[in-house]
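Each of the next two complexes has chain A plus one more chain, namely chain B in the first and chain C in the second.
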Partner chain A sequence: MTAIPAGRATADGRIGWLEQTVGGITGNIEHAIFTERHARSDGWLQRRDPRAKLVGFLIAIVAASLVSSVVGLALLYGATLAAARASRVPFGFFVKRVWLGIPFFAGIVVVPAIFFVPGERVFDLALGPAHLAPSWNGLAGAAIFVGRVGVSVSLAVLMVVTTPWADVLKSLRALRTPQVFVLVLSMTYRYIFLFLHTANGILLARKSRMVGRTSGREQRRWITGTMGNLMSRAFKMSNDVYAAMLARGFTGEVRVYSTYRMRVADWTALGVTSAFCGVAILASRIVT
Partner chain B sequence: MHIPDGYLAPAVSLALAAPTLPVWGLAAQRVKKVLNNRTVPLLAIFSALSFTIMMFNVPVPGGTTAHGVGGTLIAVVLGPWAAVIAVSTALILQALFFGDGGILAIFANCLNMGIILPFVGYGTYRILAAGAPTLSTRRAVAAGIGAYIGITVAALAVGIELGIEPVLFSSNGHALYSPYGLSEAVPAMLAAHAFGASIVEGLITGLGVAYLQRRHPEYLTSLRGIFAPDVEAEGRPSQRPLWQFGLATAAAGVAVMGAIGLIEGGGNPGRMFNADWSKVDWPSVASMLLVAGLAGLVLVPTAYLILPRAVKRVGAGFVALAVVAPIGLIAPGFAYGEGHAQDVKLAFGYVPTGLQDLSGIFAAPMSGYNLPLPFFSEANAPLWHAGIGYEVAGILGILAVGSVAYLVARLLRGADGAKPPISAESGT
Partner chain C sequence: MNGGALDRTIVETNPPEFDPREPLFRLRDVGYDYSGRQTALDGVNLDIWPGERVVLLGANGSGKSTLLKLLDGIVGPSRGTMRALGHDVTAVAAGQDSFTFHRQVGLVFQDPDIQLFSATVLDDVAFGPLQLGLPADEVRERCDEALAAMDIAHLADRAPFELSGGEKKRAAIASVLSLRPDVVLLDEPTASLDPRTKWVLVDLIQKLAAAGRTLIIATHELDIVPLIADRAVVLSEQGGIVADGDPATILANTDLLVSANLIHEHLHRHGPISHSHRHDTADEGHYHGSDGVERS
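Our next item is the complex of A and B:
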């Protein structure tokens, strides 16, 4: 795999959008490998039955969007951190990945609302005709909003990081998701990486032939040509894949052999999770 | 456009499953019925393609980048039902695997980008491309416009979903979920897309279809026959010249303006845009238009010839704008936001005191965009005199602004050493 430094600045200090794209693609591939590594280590969440894990995380995410106070969110986040620690997910990686990235955008989105929400003001700074006056109500709303997004994202990240992709798919099947969807999902997952590699190769080939800069118009023309090219490769590939599936006796039926067994520990974990989420929701209703 | 968890209340997230789940079921049925076991690898590979397209950041005029979805492109090639499955699968993978879009919000995201987008885009495409041969330019343009409208409508749906949150769910005066109401969320989403991401999606789709027409026309015919057998896609390759599209766009613009004018005038053609057109002196308007037309015939080619190479086209365009500027003189009334204090008083019956104080301070040398000579601005001078005054004032103004911009650019470049100008990459 070609490792290209993400978002490298060009000579005049700008970061070219092509490099940005290459960096994004490569970063995602690397991230994917990283993820499977945590899924294979021996921890508390990795030992649970995938079905119990899926249901438990769904309950927790619903609970995170139902609690309406900082107390409830803090309880849920504490439990998430404890689960991550018990599952040997590196603390720094887990906290940084969530709080540096995704809620940052939520935070920017919510800033104007702090000033517009009516209510008692924290302070009132007069700047000419304009007043800089955040309200307590606005601050509370913003804190809950950012906290909720952060906890939801943490839960989703923890689930994906501790579960091999094949297990996620099998448990989706066990939860009666239509077979076509599971099959398409599992094949898509594989081809995404193939396509990302192909796209990465095309970008690298272009970069290695380029001298100087090109116009935006030229870049757009190139990108659409590349997409059309990828599409035609997709057609050819789907024919080959279908032929290969036929040759191996594919009749339209998919048999997934499941070796999963819900043990006492799994039922206990599911029960404890549900009970804890109930407590968090209740606590957020009482302590406001 | 991916909504993360926490923006939507769980009740809204789950309520959006009500329209999404049946469409998924129907799509699976439709696609399965039409195609045999080949469905699976084809759909999987197209989902992967949509996923990859969502990762390409494309530069947008204005300095930012945006990503497309590819929903309309897939709908044009495979039909809308297959596009529903392909885009939804890509979205579910993004949510589960890359944290792009929330897990509870999957139904919302799939409804917006996986269902509304391909169906609106494909519907628009079918209407605009009706009867066109497979390889005609009209099909590619129709696909581009369909994609633009499809993703813009999807953005509108996102705006509405976010905008109803504070109305439905608030406690103690503060919003529990997304804090912006409909009046903020809808315009923000629409503006961000209509002038950015939607343009990208339209370009990707239009140019993508054009590429397929040129290089792989069989994908536009044979596959359509499999996925949407009721659609006839036969015909000779033909090219429609660009000027016909320009003419059609202009006609559509005039029609829209006419409709708006009629609505504002209460349906009376004599009061278009709510103005009294019977007050207009049409013979003097005709003479002014004649003079303006002659001036344009001389000035625009002259500007194109004498201007330096780099600004030839832009400069000639600006001169053409200055030439047509006096058309505004015909309209009885005044342009919004440009009125003089007296005009404002006539229209509203009073003058805001702040405006009255300010207007005396600075009397512009060419006030009213006209020249301060009796020939041009006398009260009873013929209209074409004022028209010429407008044009000369306009060209002088363009020259003044252009010189200031040129000087500033020179100064900046001088201070920056021998570096190339910042706009080296603006190819559009």
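Our next item is the complex of A and C:
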């Protein structure tokens, strides 16, 4: 696949929507390939049974939502960073991926609380009849909220970058998720990339034949036509895939292959994680 | 390729559950229409016996893939009667005896992206044995052997979207070999492959045949036919059988191949001289002298 950087500028300095779309698709595929390869590298978390990881990460995320002070969150985030380090996750990638977006999106949600939570005011700015007066309690609550979101997202990202997606899905069976749900999810993941490749090919084919500018109306018409085309291909492929499943004996009963085996190290890691999360929650209650 | 695993994967099959004195496949006046309109096959009469290596030759759209789907019992005929391994194919396509039937017949689709529908190669190779209800140890054993046979054990945990075209093809074949079927149906197995992978697959097909498996291979690549088949069936562009016999005899019949659009003929004009050339897909060229007589 031809890698076209996202948002590349055209000759007249504008960024073409086609280049943006192609770049976005290419970026997504490359990112998925990077994540899959990294998930198979040799690291501490990569060696753990995916079911142990899934349960451990869920416990840690629940703990992050239960801790009531920055100390508890700091403990959890410190442990998350240590696990990332032991799993050879690139530090810059891991931290930037979480913290570049979280403060913005979580901040938007929590901004009103800064002003509405009662307590001592940081300052009081009169704007006509209204007052802009954030409270210390509101700021502390906002900091804990953003911290919880950041730690939870960090944990989820760490799980995904250290576990092949197929294992993430199959380990859902440990939570009694129905097999048919796991199968459908894994097939969806499989074919998303195929259709991303197809969409990429269609866009590049159009680009290779474009000799002049097209109007916005023409572009919209082309996009809707392409969406219909992709949808029709998806329907055809779903029929073919079902035929391929029948050809290998599928009778409607879903069976998912799993070769997982919990070892002592996996049980130990799960136990240590649970204990550490308990300590973090207790610490947050004691040191506020 | 891993010889030991290949031998075991190739040689071991499921015990036959049909009368060996009958043909494996018997088609009488079989036709197939897509959506009740477009006719893919018409008036097909065909018997295929155990151990035969049959190549289905035909141009694009001649119904080769449809015929393979019929032989695999995933679709039933629109017209005519068809029995396969002692089963009525119409009933198999409707789900009756489907489980037993697909233990014995495996189809490798032309497009590996259709065949490889799971999140990893191992999951795909394990899919068939899991449907058989085999215990986990045997599923693993079959998967390991099939992957080793196709020399892709190192790709077991890879996602299909990360594989090259040749790797996908091998994974698709491994996903069928893990079922250890008596009959292997291959749809354009060497299409769109680089030369090395193509000849690796030809070698595999020869080994499958040497182990006594029944092989039915759809292709339009004439250069591999003498190596993989002892019988050739030619489909016309209208979806009927126009020839059935020894591959050497059929490949020598250029009029037949031209009419079936397996080789093409075009007119050349060189000054005062004009003559036609015939090409097949493996044609390495031709030359002619000033007398206008074609030599190759």
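The working rule: the second predicted complex is superposed on the first by the 235 of 288 C-alpha atoms of A that agree within 3 Å, B and C clash if a C-alpha of one lies under 4 Å from a C-alpha of the other, contacts with A are read in each partner's own complex, and residues count from 1 in each chain.
Just so we're on the same page, a residue touches a chain if its C-beta (ideal position, glycine included) is under 8 Å from a C-beta of that chain, and two chains touch if they have at least 3 such contacts.
Just so we're clear, the structure is a prediction, and the values are computed from it rather than from any experiment.
With chain A as the common reference, the superposed partners chain B and chain C fit together side by side. Using the contact criterion defined above for the overlaid structures, shared-chain residue A:M245 touches chain B and also reaches chain C. Using the contact criterion defined above for the overlaid structures, shared-chain residue A:S41 touches neither chain B nor chain C, since it reaches no partner.
Of the two partner chains placed by the overlay, neither chain B nor chain C lies in contact with A:T177.
Of the two partner chains, chain B is the only one touched by A:V149; chain C is not. Contacts of A:T268 after superposition on the shared chain: neither chain B nor chain C is touched. Judged by the touch definition given at the top, the superposed model places A:A166 against chain C, while chain B stays out of reach. In the superposed model, B is the one of chain B and chain C that contacts more residues of chain A.
Once chain A of one complex is fitted onto chain A of the other, the partner contacts of A:V62 are limited to chain B, with no touch recorded for chain C. When both complexes are overlaid on chain A, the residue A:H197 reaches chain C alone and has no touch with chain B. In the superposition on chain A, contact is made by A:Y189 with both chain B and chain C.
The superposition of the two structures on chain A yields an angle of 100 degrees at the Cα centre of chain A, opening toward chain B and chain C, reported in steps of 10.
Nearest C-alpha atoms belonging to chain B and chain C sit 8 Å apart in the superposition, given in whole angstrom. Comparing which residues of chain A touch chain B with which touch chain C, the overlap comprises 32, 165, 187, 189, 191, 194, 237, 241, 245-246, 250-251. Every residue of chain A that touches chain B in the complex is listed here, in rising order: 12, 17, 20-21, 24-25, 28, 31-32, 35, 58, 61-62, 64-66, 68, 102, 106, 110, 113, 117-119, 137-138, 140-142, 144-145, 148-153, 156-157, 160, 165, 168, 178, 180-181, 183-185, 187-189, 191-192, 194-196, 199, 213-221, 223-225, 227-228, 230-232, 234-235, 237-238, 241-242, 245-246, 250-252, 288. Chain A contributes residues 29, 32-33, 36, 40, 164-166, 169, 186-187, 189-191, 193-194, 197, 237, 240-241, 243-251, 253, 255-257, 259 to its touches with chain C in the complex. On the chain C side of its complex with chain A, the touching residues are 69, 72, 74-75, 95, 98-99, 102-103, 106-107, 109, 111, 113-120, 122-123, 126-128, 130-133, 136, 139-140, 157-162, 175-176, 179. Residues of chain B that touch chain A in their complex: 4-10, 13, 24-25, 28, 32, 36-49, 51-53, 55-59, 61, 65, 70, 73, 77, 85, 89-90, 92-93, 95-99, 102-104, 171-180, 203-204, 207-208, 211-212, 215-216, 219, 223, 419-420, 424-428.
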